[in-house]
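Before anything else, here is the set of structures, which you'll find just below.
What follows is chain A paired twice: with chain B in the first complex and chain C in the second.
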Partner chain A sequence: MKMGKTMIGLGLIFAIVLLGCTETPKTTPTPVPTTPIETTPAVTTVVQTTPTTTPIAEKTPTTVVTTPSSTPPSLTGEIKVCALYDTRIPAFKANVEALKLAIEEINAQGGIMGKKLELIHQDTQRKVDIAITAYRSAVIEKGCTVVFVEGVSEEVMALLEEGARIYPSHPHIMISPQAGMESTLKVIEDYEKYKFFFRSLPSDPEMNYKVTKVFFDIAKDVVRAKKVALFLEDASWTKCAREGCTYNTKFGSISSKAMKDWVKEEYGLDVVYVSNLAVGEKNFLPILETAAARGAEFIFVLSSWYTDTTTLTKQWASSSARNIPIAFFGGTAQWINAWSLTGGASLGTIVMTYDYEDIPLANSNAGVIIKKLHERGISLDTSTHYAYSEMLRVKEAMEKVGNPDDIDKVIKAIEELEFKNHTIHRAEYMFFGYQNPNFHSYTGGPTMIAQFQCGGKPVYIVPSDVLAKGGYVEESEKVQPDAYKSPAELRKTCK
Partner chain B sequence: MAKIEPRRGRIIIHLLGRKYEWTVEPRYWRNPIFGLIIWLALPLLLYLTATTVFHYQPIALMSTLIFANLLIMMAVPFNLQTIGTGRLSFGPHFFLAVGGYTAALLSRDLGLSPALTLPAAFFVGALIALAISPITIISRGVYYVLITLLLPFILGEITYWRSDIFGAETGIPNVELLFPTTGNVTLDVVIFVYVSLAIALIFLFFVDRTLRSRYGLMMGVINEDEDVALSYGINVRQIKIITFTLTSGAMAVCGWFLAHYQGSFSGPVWLMPSFLIMVLLTATLAGKGAIYGVVVSAYIVATLREVTRVSFGELSVVILFLILLALLYTLREGFWGLYRKRRYREYEPSIRVRRKS
Partner chain C sequence: MLAELSLIVAYTFIFGSMYLGIALGFTLTTGVLRVFNLAYGAIFLIAVYGTWMFWNDLGFGLIESIVLAIALVSLFTYAVYRIVILKFAELEDYMLAALVAVFVIIEELIAYAYPEIVGVYLPTTIYGELVSFGEANVPGQYVVTAFVSLAMLAVYLLFFTRTKNGFIMRAISQDMFASKLVGVNFNRTFALAMIIASIPPAIIMLLISPIWALNPYIGWSVFTIAILVAVLGGLGNLKGSVIAAYIIGLIQASVGFMLDPRLMLLVALVVVMAVLIVRPKGLARAETIW
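== the complex of A and B ==
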């Protein structure tokens, strides 16, 4: 009998504990669409968007929705925004803080049509099963209609399936800076099922080609290198750079050659060494030494947060490759704080950074946002800007529709919106509605690349013509490619 | 046909040439029956309480129960493997990943249904286990631990190396779900709770029958001392290989479930040591070789993980492991020990020395 009592007791404890720790949401009925809206993009001609040949002008949407100038009607209630992030990771913590900031600013301006926004953070611990639990809880229990998810591919791929099941009864929008073309392919191939998902990153071929090629403009025209070494993170998202890739979709094909090939063909640079960086690798000295031994004059590191760029920078500064200019795509190298993290070893490194308050961007709000987040102790990478900006985009779309609860129409509005308030990128690179393989994704374009010079001050060295060609005319007049100095020279002159 | 033969305190049933025994005295069957009923009723009870009393869809709660069942599905065969091989493996999640990849690849590339990928996952897992089963004979101690610990790392690297097949961190998408959606997401999840519970129950049944059989006795002897087992004439090698092979196949079934539950499978997620730690904690906190303790242990571990996640933010993992460490320290015989020490069996062996006054 004691055993029976023990088991019953345990069962009751489970029930009480579990029910007690789950927030009971208000019983606001979730609108269920009764008549499906015809939102399948009407495409009759396949659009070819091979990265090398498609000019930006051709991609500009013909139907553009702009923010309404008239004041929308005021509504009551609140809009719940969920953020599914593991905030132990500094980059993800920055994403959540950026969302908080955006929501604070929106609420300070009266919310969205009078509806206040509420941010609910759910910890994922970067585990798929927990992310699924948190996502279900976010949409079904907490009633979030907008869900931001950390850019972890394994999570996003599982959540896409989950979202497809949840969407019909609980319409919502999911936004994630996830690298991995498969999610975009799902949206393209089965639009009605996955239309709720938007990827705040370019498609893989564009990410590995269009976004990275500016580094080789620098290698050729600024550094004047002739031989380059490529360090490529061995992850799914870099497949296009490592091996080349082609994706055929009903909106056309998109492809990219392997980086070693297009760097040679387009820039005339000799690729003397290519090394794949194993995820979690800590010992970079052998590959740095090999790059130096092969006579590399420029090293490009294509990596994400999976690669410890802080350690790589430190080892570079103490290796025989220390005089070879090294350029970083991602990771902590994107932070201004990389200077102090590496103890100044990042002197002379070339980085893609949007973490500088005096960044020479046309959008003056960018510096303000960076400053505000710095005041909160946050360092920014590109995804931090994306989180902030995407919240603004959702607001614009909801106001355009006039009903934040009509998610089908909000999705359609997001697809049609020419969003001009992105903190760091131009509207044509942020457009979600291109009926090409970048559908519901960003489009690749030039980025702001700086060199850490004396005292850790970033000096933006992108060739002006590259920025101007990409539409960043104002920025092109502010960058200083002539201010580039070799690492050896900087070590001599900086005290 | 069936012939019932009453005996003192028990009933013997002769059916189809086999003999079944039922002990009449309630103390032998009452508690397991109660436990089973509570286990089966718990998800439904929680679901109905949440929807009717608290008026919300308890989807996070149901998801937690699925994770608890997954831990049982892993820890029960793991316990049997530990007993039958006399070795502590640090690679059970390797076989989960093998099963997951098998199911996901067959489903996506060949369009096989979950009913067909289930035996495939089991057999591929068992086949790989059979191929590497000699490690249970030729290695022991730290060598065995290292070998089994390395297997998941090797597979993890392979998934990145051949990302064209395994999809690296992105994994394998477009895996057919175990059943078509009912249209009610929470109900779908409740069904998944019961599917996972059913698998856990089947594993528990087979392991229970095995441990109660003469093979279980031989496994116990091997676990205690292989030399003694050999001197008894037990075919140690055979039992070790069979145990390792079949229990690994069972672990592969967990991967099959995950692939068809999530609709995708990403191996690196499950090949991380964090999941291994959860399995080891579940098995250890259950009590030494206590397969029923695994049920209690898994539900407590999964509940604690969810409660700490919701309550303690960035400190949740630290708090969780501190609690589990405290439990490891205080429950020397695991959760099952709490039950056993109130039973007639010896709980903590002790010797009393009478002294002359």
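== the complex of A and C ==
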């Protein structure tokens, strides 16, 4: 049991390796954005929709114009749906469960044109090589015509190339909540090659601007803050918020200023502190204390699953910043059981959450789905709803086409479909066919934001006018921005 | 500036003391057994998830659950000693691989039984208010953790300087061969050292869990701190570990509050490397545990 100098070297090497382990690279997570807006194909700051010669979709949602396929539909066999997810990640497990639920419901109603759906789950371990093998196996060997893929950028980018190679011989559809504009740009720039890919998230400028704006409506009009601190996850999907961004496409240009700039310009809020959060960070006290020392009156955290929002919440509740309202974009903070995860430290936190059975959404099915998934032990973030809803959209598209096997036409139908059955968003925000930089992506808009109050009960505090302006009229009458209470007040009153 | 200075001083004390508590057991294992116990990270997990299991799943009271979890941790370290360390005593490379394997197995088992969605949380907060230090405020629970850590150090020191078993362990750490000649019962002493070493990290983890990350994979990041402190301190020297813990605490507090919180661990690593280039055996040479 001798221990020599080599031990010291070994120790250091090990520590460095561990350091690497704790800092997940910029893998572009599944951020968990949410809703969209305007009926026009609006994009963040600048949009010039240039007409294209590519015969794609209409500019506004229309009810399907696809003509029935000339190929007679086969009424036998199954439609295979593959789900490529690492289910050790709770959000990805939830996506698979949501797909299972959607497929069970579709099958209970007789399937799609008499064909039953079969869900095949394959583990990717979030590794590109394994994901590619699983994807090839899913499409070529297992015959999946619809493939759902977890939102890990490097995986999706690799699968896009693989998919383009095998699409001619094995037509299929790929859907992923991948954050990062590059996949959308590929579809726009080379439609014929990448048309099989749909991204169930808004484009980056939309995500970092339109989807996050509502938090600052709350900061200004509900919390009445004047000074804000911004904690921005340091991942590729937040580039627009951290630095600003512009993307030029053949459908026009889309851009967004850095968050610190538009928050100041549009809301008149002083940004007193900006800190980038390292992916995997566990020690948030220095930034919380600094935000408090700089006099912040509202903290916004642009987070995804790669930011440990549970720890951040616990440390916030223990720090000098505990009386500063803190708002989370994504991560475990979105779950209703964030309350138990943090031992109640989430009291007073403001979160985008679609995990509450009594959520005030016009679509009453949302609450039912949430309940059903809760019964399966699943907590939902926005991507869970996306997975469930996209399966329903595929069904509608296949039925409109009249032949589930004619994938080219199904893709066209998905682009043209005015999909009204999305559990949490309005059709105009989910429309895939806009001939603008949101093509084959969602469009950003206002979201449902709640504050955790006594006992972890979420109270939705989005300003009514913001929701109404975004088209959520029914919802705007149900939210309670006046019910907002400061964290200090809640700590005093909640026992 | 004064506020910044207050924060740096306060958090140097907090981080330093906490890191010391995390590394105490690892220092003891390397000092007495001369074993680089790569299964050490599993102790943090077993302490927290064991307590949760006894408390939430088996219905014991919180205090009983903590006691039972610490007993479980001790049992685990004893089993590691008997099954892995003794078995591979003469095959150091294999021993290291086996110890890592033990850690990963524990981690995966816990991840399987208690995935994050379960919502594991322990109400082990002793003091939840803020404590003022100059112009800075620090979480009361951190202050409690820091003092508990120092108290455990004091107990260790008393043990090594006042008890027979402590003397024996120091003797082994100074000269294993001579200790053997005078009839020291190695197996018994090693097993005792392993068990004693497992208690401080378990207690520290239970104390910081209300304000620290808690998931089945947290063992690695806490273990990183233990390694850094032990390596910088001289691998197995308590005095060295005390100095190293506060140096790393100072670096992290300074970098966190004056430079960029993202660089806290990186700068600490770079400084440790730089120190080791100058002093390859760490700050205090591991010729004795004290």
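Quick notes
Operating definition for what follows: the second predicted complex is superposed on the first by the 422 of 495 C-alpha atoms of A that agree within 3 Å, B and C clash if a C-alpha of one lies under 4 Å from a C-alpha of the other, contacts with A are read in each partner's own complex, and residues count from 1 in each chain.
We take it that a contact is a pair of C-beta atoms (placed from the backbone, for glycine too) under 8 Å apart; a residue touches a chain by one contact, two chains touch by 3 or more.
In this text, all values refer to a predicted model and were calculated from it rather than measured experimentally.
Using the contact criterion defined above for the overlaid structures, shared-chain residue A:110 touches neither chain B nor chain C, since it reaches no partner. Contacts of A:77 after superposition on the shared chain: neither chain B nor chain C is touched. In the superposition on chain A, contact is made by A:88 with both chain B and chain C. By the document's definition of touching, of the two partners only chain B reaches A:180; chain C does not. Of the two partner chains placed around the shared chain by superposition, chain B and chain C are both touched by A:278. Of the two partner chains placed around the shared chain by superposition, chain C is the only one that A:319 touches, whereas chain B remains out of contact.
Of the two partner chains placed around the shared chain by superposition, chain B and chain C are both touched by A:234.
In the superposed model, A:295 lies in contact with neither chain B nor chain C. With the contact threshold set out at the top, residues 2-3, 7-8, 10-11, 14-15, 18-19, 21-22, 88, 234, 278 of chain A are in contact with chain B in one structure and with chain C in the other. On chain A, the positions that touch chain C within their shared complex are 1-3, 5, 7-8, 10-12, 14-16, 18-19, 21-22, 88, 90, 93, 234, 275-278, 281-287, 289-290, 292-293, 308, 310-311, 314-315, 318-320, 322, 332, 335, 337, 340-343, 345, 377-379. By the touch criterion given at the top, residues 3-4, 7, 11, 30, 33-36, 38, 89, 92, 96, 111, 115-117, 119-123, 125, 128, 130, 136-137, 139-142, 210-215, 218, 220-221, 223-224, 227-228, 230-231, 235-236, 252-253, 256-257, 261-262, 264-266, 269, 272-273, 276, 280-282, 286 of chain C touch chain A in their complex.
Residue ranges on chain B touching chain A, taken from their complex, read 30-31, 34-35, 38, 42, 45-46, 49-50, 54-61, 63-64, 66-67, 70, 157, 160-161, 163-164, 167-171, 173, 177, 181, 183-186, 188-189, 262-264, 266, 268-269, 274-275, 296, 299, 303, 305-307, 309-311, 313-314, 316-317, 338-339, 342. Only residues 2-4, 6-8, 10-11, 14-15, 17-19, 21-22, 24-25, 27, 87-88, 123, 125, 127-130, 132-134, 136-137, 140-141, 152-154, 157-158, 160-162, 165-166, 168-170, 180, 182, 186, 234-237, 239, 278-279 of chain A touch chain B when the two sit together in their complex.
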